[in-house]
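The same chain A turns up in both complexes below, where it pairs with chain B and then with chain C.
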Partner chain A sequence: MRKEVVGPSQLLAMIILFELGTAVLVPIGLESGHAVWLSVLFALPGGVLLYLVFAHLYLQFPGQIISGYTRTILGPWLGWPVSLLFLPVLLYNGSRNLREAGDLLITASYDKTPILIINSIMIIAVMYILNKGIEVFARTAEIFLWIVIIMGCICILAVIAAGLVEYKNLFPLHMSDYVEALDSAYPSIWIFPFGELVCFTTILPQFSRSRKVKKTGMVAVIISGCLLSFTHAIEMAVLGENLYSRTTFPMFTTITLVNVANFVQRLDALVMLTLIIGVFFKLTVYCYAAVAVASDLFKVTDTRRLVIPAGVVMLFSSFVSAQNYSEHMNDGKAFLETILPVFCAVIPILLLLIHLVRRRFGLYR
Partner chain B sequence: MDNRTQQSADAAQTAGSTSQQANNSPISTQLEETIRAIQARLGNSPDLVVRTYDLINRSARVAAVYMTGITDRGMVEDFISHVMSFQALNDGAMLAVTPEEVHSYIKENALSIGKEKLVKDINGLLEALLSGDTVILINGLGEGVSGSTCGGEVRPVTEAGTQVAIRGSKESFTETISTNIALVRKIIKNPDLWTETMKLGDITHTDITIMYIHGVADEETIKVFKKKLQEIKVDSILESGYIEQIVEDNKYSPFPTLYNTERPDSVAGNLLDGRIAIFVDGTPFVLIAPTTFFMFFHTVEDYYQRYDISSLIRMLRFVCLIISMYGPAIFVAALNFHQEMIPTPLLINLASQREGVPFPAFVEAVMMEITFEIIREAGVRMPSPIGQTVSIIGGLVLGTAAVQAGIVSPAMVIVVSLTGISSFATPAFNMALSIRMLRFVIMGIAAFMGLYGIAIFTIMLIAHLCSLRSLGVPYMIPMGPFVPENLKDTFIRSPISFMKLRKRLQTNTGSTSASPKGASKRKSDER
Partner chain C sequence: MNAKGLLRLIAIAVILMPLGGCWNSRELNELAVVSGIGMDLVPETDEYRVTFQLVNPTSTATSASPGSGKPGVVVVSATDKTMFGALRRASKHVTRQLFFAHTQLIVLGESLARSGINDVFDIFERSHELRLNSAILVARGSDAASVMKLLTAVESLPALGLVKKTQNTSRVWGENRTISVFDVIKGITGEGDLTINAVKINGDAEEGKKNSNLEQSETPTKTMMNGLGVFRQGKLLYWMKDSEARGTEWLLDKIEETVINIDSEYKKESIAVNVIYSRTEVRTSMEGGLPVFHVTIAEEGSVNETDSFVDLGNREEILKLERELEKQTRDEVMQAFQKAQELESDIFNFGNELKRKNPQVWATLDKDWGRLFAQGRLDLHIKGYIRSTGMSLKPYIPEGK
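Presenting the complex of A and B:
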């Protein structure tokens, strides 16, 4: 079987879709108040640096995913358990996305459908696409990026045309707002959504032009950061700080307010489609990452055999892990504050430092 | 001397014919024996003609063998009289001749008719006979000379029946492979237009010709394709559809990965794009490979009309694609799950229409769609005078009557008919069929899961499309993998002066990213 490859534009599309996945929908960085868009921009340089860490590690160990070079850098006795810890983190974080999508869909129009059905349909699609391989997934992402861009443009134009945007919700910015924005940017927004790029350490080995890996990724992270900031600014401008922080899905609420000339209205469907697409791609990346790590650790040659087990685990943990949405959000907060930073930032940065030290002092055998 | 023997049934010979089927004996030196063997192998077919001649004072016995119907009468006469002409010339001089002398003389003269060949065994002889050749056999010599006298009744070149263009060539292919090849050669007058011929089908021995422009088409693709053709093991090839179904990369996909056309200009355009054309004897439909998904929505005429008009029409076709695929599904989903999506006045309207309808929207939609499919299917094979009756009964009576009887709502009739008409806007019939089939699947999913189901199914569908390859070329090129250069000629058709580069067909299977290898001088994409 020939090696599957991912081209630069495909990596770009995947990163953008991954970053926007759920982050455009749920409120992020609540502490920053109306300066949420600013905190996204503050977190962006950190996100780019974090991506560079991943990219640098990949360039140091081309052809190896994160669990591979963890074992090389830390040695097999320490590296194997550390890599193993990634597995539940990836699976759980993926399942959280699934849960969020399922809950939004139930809120929106499927109030009589059990969450099991909604989530399992999504997971079936994920399994299907991962069975086709990462290359097919990358191409699909490329096509859906266009679809998402078109739908996003329609939504934003409609919101602006409806005259809903009120700048007084965004400005003025005081010194304290900057401080708050910075507070919520690090580590909260830095980790979610930028830190989650750790998943891409499993995709980078398939990248076709390793020389462009840093440039492509940086461009993608910057674009997605700007889009994210812009979307949240619009949401904030339309809803105001109070409403923004109280709604579960601010973007959804924003779009329901649109009414242009009594004709362009009820664009909820577009938001729902964006959500489905975004969550789908995020979920698939998580699932792929989990499958890749597992197959690397347990030496499974045919990675496709692990797709179904990983998908089933995700499906069940998506609705078993929390009884209701508020509990889910609380869990998420704790998870975001304690566990995720360790795996998204601390471990990779430490790995890089240890690697640099070991290489500097010739400690590799 | 000219004792023509129009063969009649010869019961004595048939006994051994079945056992002779397989054996390929060399041609006997005895003329009579050879003729008997041929007759036996052909089951004493009445269309076999054997004419024997005694030449030069009966010192040489020669027979001309051919099949009537598939040979051109004039050419046969010409050939025979040419080959035998030495009799008149040398009658006086040659008193007695050896078979070798006759043979060498005949061989020399046979040159004048062209395509002369030596046949050494019965199978070769039969193959020549059945391809329309006339074979000259000489008594006392174990070989024959065959000359091409291929002919017979052919359908003349007429206007295209399935791919009509308002502007552009009116010629279309016929059932004769040589005519079809000539039609393309007339358009591309270039020595680099290469063809290769093979015979396929263990029983039918159908002529297959593949045509490509040397230097433009990718060598690797041609090699792969030829290998695929050579591996075909079937009894019969009756139409190019047989080959299409055998060589397809992905047999379980609803989407066609080979394109077929009956327009020579379309073939020429595709050849210039680096594609390969496959001609099959006996059908006017020529296959083209590799294909892309978007190719099925382009027509040759797009390049003949002005670019702005063509671009708009192309975009219209893609809108039609979406309508014909999702029309009823979105309607069903909106009625069942997303009533809030429909503006209130319209919703009230729809609700009042559906008040008396006893079925759920999905059943209603499926019923109407199936009715439409029945009308269409019945209309296709009807003789044209009756066809109109069918459409009147189907369209007017069923449509209005069903509404008045309260079986379906008027809105559903509108949706279904719009969908039906949209599906005919797809230029490629085989693609339209696939889409029509998928429409039912999407409808079912919409009834089950609403818009969410449609979205998930669409993601899976696009993933499936992205996984397809046609002879190694990704099916969704130029969208996935993304090739910016080709976008000039995908959803829109930019002015010809903008399209300096030939459309990039990614033929090498190793890379998905756009490599500049296929980019050569001029571009022209006609489907």
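Presenting the complex of A and C:
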């Protein structure tokens, strides 16, 4: 079988869609008040550095995914269990995205449809595309990036044309705002959404032009960071700090306010589509990462056989993990503060450091 | 066909079923579209009486003009402790399930407004059907239900008619502005107080319910926009009218277009200036523990009518008129400001501005803002410009009249 390859523009599209996925929809960095857009920009350099760590590790061990080089760097006895720990983290975090999408769809229009139905339709699509392979997925991302950009532009133009944007809500920035922005940027926004790029350590081995890996990824991370900051700035400018902090889905509330000349209104469908597309890509990347790690650890040659089990686990964990949305959010906060930083930042950075030390002192046999 | 093919076919059929998205489908012929909601307080209880104006689908077809045949709307009411309870309880009266995504207008009854409106808006944020951008009015001197029941000429949907009336008068007269539920929530959660457009019924409310009301060239019973209701801590306190209301809009930077009659040398209030552009900028500062509001208003207008002699071809005369325009504007703004101070009600969002620019100072003022606002000073600067005099310069009226 031919090795599947992912081109630079496809990687770019995948990273942007992955970053925007759910982060444009849910309120992020709540502690930073009206300076949330600044927090995102503050977190961006950290995100780029983190990506460079992943990319550097990949360049040192081309052809190996994270669980592969973890075992090389830490040795099989320590490396195998550490890699195994990635599996539940990836599956759970993926399922969180599924839950958020399902919950928005239910609160926004399908109020009587069970979450099982909505989530299973989404996960079926994910399992289907992973069955087709990562290359097909990458090409899909390339197409959908444009669709998302066009829809985003329509939404933003409509919001601006409706005269809803009040810059007063964003300025002025006082010293305390900068401090708060920095506070919520690290670690919370740094990890979600930037730290989640750890999933791409499993996709990078498929990348066709390894020389361009750093440049492509950096461009993608910077673009997505700016888009994210801009979107949240618009949401904040429209809703104001008070309402922004109270709504479950600020972007959705923002778009329901649009009314241009009694004619352009009710653009909710565009937001829903953006959400479904974004979550689809995020979910697929998570699912792929989990499958790749599992097949590497358990030496399964045909990775496609693991797609269905991983999907089913995600589906059930998406609605079993929390009884209601508040619990889901609380879990998410705890998860973001404790477990996720370890796997997204601490372990990769330690791996790189240990690798550099071992190579420097010739400790590889 | 072999077993595998059959299995595939079944799988496709099973997947197709949910993809239709019909799980909680609601068809148009099973919905009652709500165009307006009226909210009243049942006297001596804390129950809401909620009145729904439902679109009557057969009589709003484009061919049927208002005033012929059946009325365009049906009105039902229900009483409950909560809004949502009331709107579900209304099912006892209606054959179809109420559908709220097209609700254009919310009317608050005067008694509800007097006892406090702060608690009623949560459902507009929480519900996915009700919209935050529905317009909102407060009924002056009546309950909301009778406003909802009143049929209007020209527009077949009374709720839509009222919304259009608000928009129309806001655009050209300037005593009102379009106020949505979103604005009211911002007012409640913000630091200041708020104003809501007032609507008044002229004539007999009972007669207004009948179609016969519309069968004359002058409808005996009609609704009329009636200035602004001033709220403090969510409670209706005062009705602002005429120049007070317009002064408020001026301070809020909501004047789109308005008409001011200014004095000429020979006759009082005889020159109509159409203000076509106005910008208000607000800065705040503290002087000796009391707030000072620096307000700069820049307005542009054109002379649209003069009923006494004024030499509009002369630049000096125009300058004089500009000063006169500024004076008149200042007068209205000061009226509004003094009234608000008297009521200790910061309806101009000055508190928000102060908090935004200077959060540390605000922290010390927060508790006592109403009183401090009442002692604050308005530092008002107005620049008036007259840009054009219409299709003629000198009027035909001879000099000296």
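List of remarks:
We adopt the following convention: the second predicted complex is superposed on the first by the 365 of 365 C-alpha atoms of A that agree within 3 Å, B and C clash if a C-alpha of one lies under 4 Å from a C-alpha of the other, contacts with A are read in each partner's own complex, and residues count from 1 in each chain.
Just so it is clear, a contact is a pair of C-beta atoms (placed from the backbone, for glycine too) under 8 Å apart; a residue touches a chain by one contact, two chains touch by 3 or more.
Please read these numbers as outputs of a predicted model, since none were measured by experiment.
Contact with chain B, but none with chain C, is seen for A:Leu105 once the two complexes are overlaid on the shared chain.
Shared-chain residue A:Ile121: touches chain B and chain C both. In the superposition on chain A, A:Phe137 contacts chain B only, with no contact to chain C.
By the document's definition of touching, of the two partners only chain C reaches A:His174; chain B does not. Using the contact criterion defined above for the overlaid structures, shared-chain residue A:Phe280 touches chain B, although it does not reach chain C. Contacts of A:Leu257 after superposition on the shared chain: chain C is touched, whereas chain B is not. In the superposition on chain A, A:Thr247 makes contact with chain C only, while chain B stays out of contact range.
In the superposition on chain A, the chain among chain B and chain C reaching more residues of chain A is B.
Contacts of chain A with chain B, set against its contacts with chain C after fitting on chain A, overlap at residues 109-110, 113, 117, 121, 124, 266. Here chain A touches chain C in the complex through residues 107-113, 117, 120-121, 124, 168, 172, 174, 176, 240, 242-243, 246-247, 253, 256-257, 259, 266, going by the rule given at the top. Residues 15, 18-19, 23-24, 101, 125, 128, 131-133, 182, 185-186, 189-190, 356-357, 359 of chain C are the ones that touch chain A when the two sit in their complex. The residues of chain A lying in touch with chain B in their complex are 2, 5-10, 105, 109-110, 113, 117-118, 121-122, 124-125, 128-129, 132-133, 135-140, 142-144, 146, 208-209, 262-263, 265-266, 268-269, 272-273, 276-277, 280.
Those residues of chain B lying in contact with chain A across their complex are 337-338, 340-343, 449-453, 455-456, 459-460, 462-464, 466-467, 474, 476, 479-482, 509-514.
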